[in-house]
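Heads up, the next two complexes both have chain A, just with different partners, chain B and then chain C.
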Partner chain A sequence: MTQPPEQAPVGVIHNIGYRGYSGPRLGRQAVTRALFTHSLRGIFGLGRSGRSKVLPMGMFAIMCLPALVLAVVTVVGSNQGVITRPPLAYTSYAMVTQAVIAIFLAAQAPQAVSLDVRYATLPLYFSRPLERTDYVAAKYAALSTALFILLSVPIVIMYTGTLLAELPVAEYSSDALAALAGAVVYALVLAGLGLLIASVTARRGFGVAAIITVLALSYTLTSAMQGLFGHGQDNMTAAGWLGLLSPMTLVDGVQVWAFDAQSSTITGPPGTTGGIVFCLVTLAVIAGSYRLLLARYRRVRL
Partner chain B sequence: MSVIATNELTKRYPGVTALDRLTVEVQPGVVGLVGANGAGKSTLIKILLGLTEATSGRCAVLGIDTATDGWRVREQVGYMPEHDCLPADVSATEFVVHMARMSGLPADAARERTADTLRHVGLYEERYRSIGGYSTGMKQRVKLAQALVHDPRLVLLDEPTNGLDPSGRDEMLELIRRIHTDFGISVLVTSHLLGELERICDHVVIIDAGVLLRSSATTEFTQASQQLTLEVTSGTDEVARALADASLQVRHDGSVLVVELAGDETYDLVRDAVARAGTGLVRLQPRRHRIADVFEGEADHDPAT
Partner chain C sequence: MNTTVVRLTARSMLGGRRVLLLAALALLIVVLAVLLRVFADIDQGEAAALLRAVSLGTLLPLFGLIVGTGAIGPEIDDGSIVYLLAKPMSRATIIHSKLVVAVAAMFTFAVVPTVLAALIMVGGSGSLAVALGAGAFAAGAVYSAVFLLLATILRQAVMLGLVYALVWESLVGSVVPGARVLSVQQWALSVAESIAAPGLLSADVALGVAVVLLVGAFAAATWYAGWRLARFTLTGPE
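After this line comes the complex of A and B, so read on.
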């Protein structure tokens, strides 16, 4: 029974002493999953200050807005009989909105890894059950998932518009699936490159600038040279091969060859050989950036 | 069972031998690890956590081999690094909950343990504020909390009193002592201030340049030589002569006398000598042999007895 009031005055916090923990201790897999969830939430600013939410949430909204407009246009246009197909191929959406994706990646890849380096929190992770490989896997998975969400939600919005407009379901369902598969490849490639650049620097600003530069510069140069070779010299084969040189055009090439999508650049990869090479290079970029990340964290001094 | 056992543990970096065939065994309790900067303290802790591989030799923590089962060791051990390691933009609660989950605790248990642990280290309302605004003392408490939150069987504390003011230092030492006495968790604590370790440790391990100098119970250090410090108002020389006549070993140490304690009768002899000299007794207390004396003696390779 409770003590009489005079012995237990109101407002006194009783020290109940130390209590041990005898509950379950989950293994490496559960810890890795917890780190994945924590990182994914962190990338969208959840569980962090309001200021950290502004940029990722804003970019997400900007990403969805054009898709929403296109969906409405599809529905209205189709009802009035002016539109017989979606105004933009689902697989081209990433290419069209690549500036938004680049800003999101540039801001949030350093958020996912640089902070642990800058605040020297890494030793606290690595003195716990998870291994360095688990850390890399969780961070890579988190950023890839975040990018996939960013890329796939607009596709789903546009697809919904197409369905509401009662355009041929079968044809556009396979298009939407192809675009979602393409979004997976985009997410893996961009997350790998973004994390790799961000993991090298403890300074968030450097990471942001480096990622923006790499993405924007490589795309600008590639598309300029493709134009030069393709239209200027009428050499579409060379223009096709040049697509290997920037992450965006590389994945677009994979979509063109593997998913039969319409190219968002002036020309897709040349022939079957070109298609296979684009796929292999994409796999190499994903595997390579993962391997380099592992090497980076194996070397890290604690 | 020994908490830590190393056998011929050696770690060589290019050009430097951080640990040189270190063989030491540590029993449950509060154990101090003493050594100058670069003596190999942090290297030893990293090997104990399985963060660094030893060049040769074996090492077991809680009976688990650190080289082969590193993650099983890390599940049962807490680590408080010497350097700053806290993100500035999250609150102490959020941070410690996350760290608890990283130790394998389920979400509910992590929250519950975080609330408990932060209270035990003395963080109350401020735990909801961002860590960036904390004082050094509060940050040290958060660092300690994240090391304790998963109820480990052993915590490794690297220089926990670094950067604290004298009162903060005392509170931290008191807390470290309680980790063992109240929480039942064994502690390995490093410091370069020997006086601190003397106060809280059951056992002290001294290493220098990666070599074990000495490993023994604190009582052995402090009771190695039993002496009394005696201070009188006047007639110090007279008292000293009287004590020497009573066949006690007496020497001057500044204005006080240091008397060898031969047995309980020594106290009576001192009392009588002071009374006969007709002077006032200001101070009579056991003079403890400081670890520092032993350490300095050993470091000069001049075996202190």
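After this line comes the complex of A and C, so read on.
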């Protein structure tokens, strides 16, 4: 407790009436939590200018729209007896809408970290009781949560459609749970890669281009080569292993093996060994990008 | 065209580590071709389909976005464009100089690797390499001009360009057939189709229309970018 201002030492030259703060200090955890909520809101443009809301909110709407259409189709179709199962597997939704996810990630990952470097706000953060590891953890958690929201809301919409259509509940509930678990893995992998690329560059435009190039090019290369080996050469094992080469197909492989989902590419990971390798690589990507982020912020120039 | 502006733009676009990143991107496609040549036995049709998807479909639009917006975007973003605009030089000349650098980078890091990859995969005999090279060059030049124009007009050029490159060209084009007439990729494919052996590539736009649209889009984007730069107002960071 500091002294109340009335008993301030006499003989002070200037006293313009500032009072010291005497309330409780919340400490590291509270700063981390505040940074997490602030980043999460910022990713969706909440609390920022209207122009910053256009892209994330627009991408979120574009993401939900097909799910809504599919849900309506399921309800109407099953009432008329033409549909007996949801038109699209819940676990395939991320793969189908990956361009939207890629644009969301490419726009918002640099927004979450690059601007702090560029406008020199990092020293202000680190002058608080916030450790560098807390900063990384908060940003990683915020971007993963944002991606999870982006991925899971359409799944919930489609699942609601299935429920309203009175299709067998038990079967599709486990499908929806698998898809939600898959969404967690997608969110962690994509957020890790996106933040890692964004944290290296202070320029927003360059970070955007780099993230999109990595995601789009790796997916196009992988799916083109999978098609070539799988259909052209009739070598499904090689095509399965090729799925390791892009983040989207990697997580899809994990879904296929661990959650028994239907593969969204031409073939899933080859056998049990393939499944285990896919899971291990996914874990390595998540842990590796987190470790590299920590290393990056340990040495960051303020 | 002004050699000093060309030199400065080239230095800011390719200087330091950036040239290595672009070269790595170019090398990737060549390495892929070598690996496929060694480990898989692919015919002309498969090579054409692969290069169509990877090079014309993904690499060129993304590369055009990087070099087109990279030629002027950062300068507008940090405000240092005023020093360039203050020089007694036509604004159109500035645009032309920047476009020359963008197209040259495009040619070196995207068109040449595509031709090399085609040559490696199908051997030296094919007209495929020439066809894809011509198509890639046409598409690359138009992408550079269009994205340079976008970067001159808009702050959010990169995002808008991405939406065009990823959503319009791939998603809308595959759902709404009419949209393919307004796709740079289809115009370039039409050029490539006319050169390649029959049946290797297919495009939805007739060659005459495609050439007119390619030349028209390039010229119109270049002229309009110069016109807009002449009436440029500088705004602070958002």
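One rule holds in what follows: the second predicted complex is superposed on the first by the 286 of 302 C-alpha atoms of A that agree within 3 Å, B and C clash if a C-alpha of one lies under 4 Å from a C-alpha of the other, contacts with A are read in each partner's own complex, and residues count from 1 in each chain.
Assume contacts are C-beta pairs under 8 Å (C-beta built on N, C-alpha and C of every residue); 3 or more make two chains touch, one makes a residue touch a chain.
No experiment lies behind these values; they were computed from the predicted model shown.
Colleague: Looking at the overlay, what does A:R25 touch: chain B (first), chain C (second), both, or neither?
Modeller: first
Colleague: Kindly classify A:A224 by the partners it touches after superposition: chain B alone (first), chain C alone (second), both, or neither?
Modeller: In the superposition, A:A224 touches chain C alone.
Colleague: Please work out whether A:H38 is in contact with chain B alone, chain C alone, both, or neither, and reply first, second, both or neither.
Modeller: first
Colleague: Report for A:Q233: first if it touches chain B alone, second if chain C alone, otherwise both or neither.
Modeller: Only chain C; A:Q233 stays clear of chain B.
Colleague: Report for A:S49: first if it touches chain B alone, second if chain C alone, otherwise both or neither.
Modeller: Touch partners of A:S49: chain B and chain C.
Colleague: Just which bits of chain A does chain B share with chain C as contact spots?
Modeller: Residues 49, 52 of chain A touch both chain B and chain C.
Colleague: Please name which positions on chain A make contact with chain B in the complex.
Modeller: Interface residues on chain A, with respect to chain B: 17-21, 23-28, 30-31, 34-35, 38, 47-49, 52, 115-116, 119-121, 123-131, 302.
Colleague: Contact residues on chain C for chain A in the complex?
Modeller: Its residues touching chain A are 21, 25, 28, 32, 36, 40-42, 46, 49-50, 53-54, 57-59, 62, 65-66, 69-70, 73-74, 77, 156-159, 162-163, 166-167, 170-171, 238.
Colleague: Looking at the complex, which residues from chain A come into contact with chain C?
Modeller: Residues 49, 51-52, 55, 99-100, 102-103, 106-107, 203-206, 208-210, 212-213, 216-217, 220-221, 223-225, 227-229, 232-233 of chain A touch chain C in their complex.
Colleague: Touching residues of chain B toward chain A in the complex: what are they?
Modeller: Chain B reaches chain A through residues 46, 49, 51-52, 71-72, 74-75, 77, 79, 81, 83-90, 94, 98-99, 101-107, 109, 113, 116, 120, 130, 146, 150-151, 182-184.
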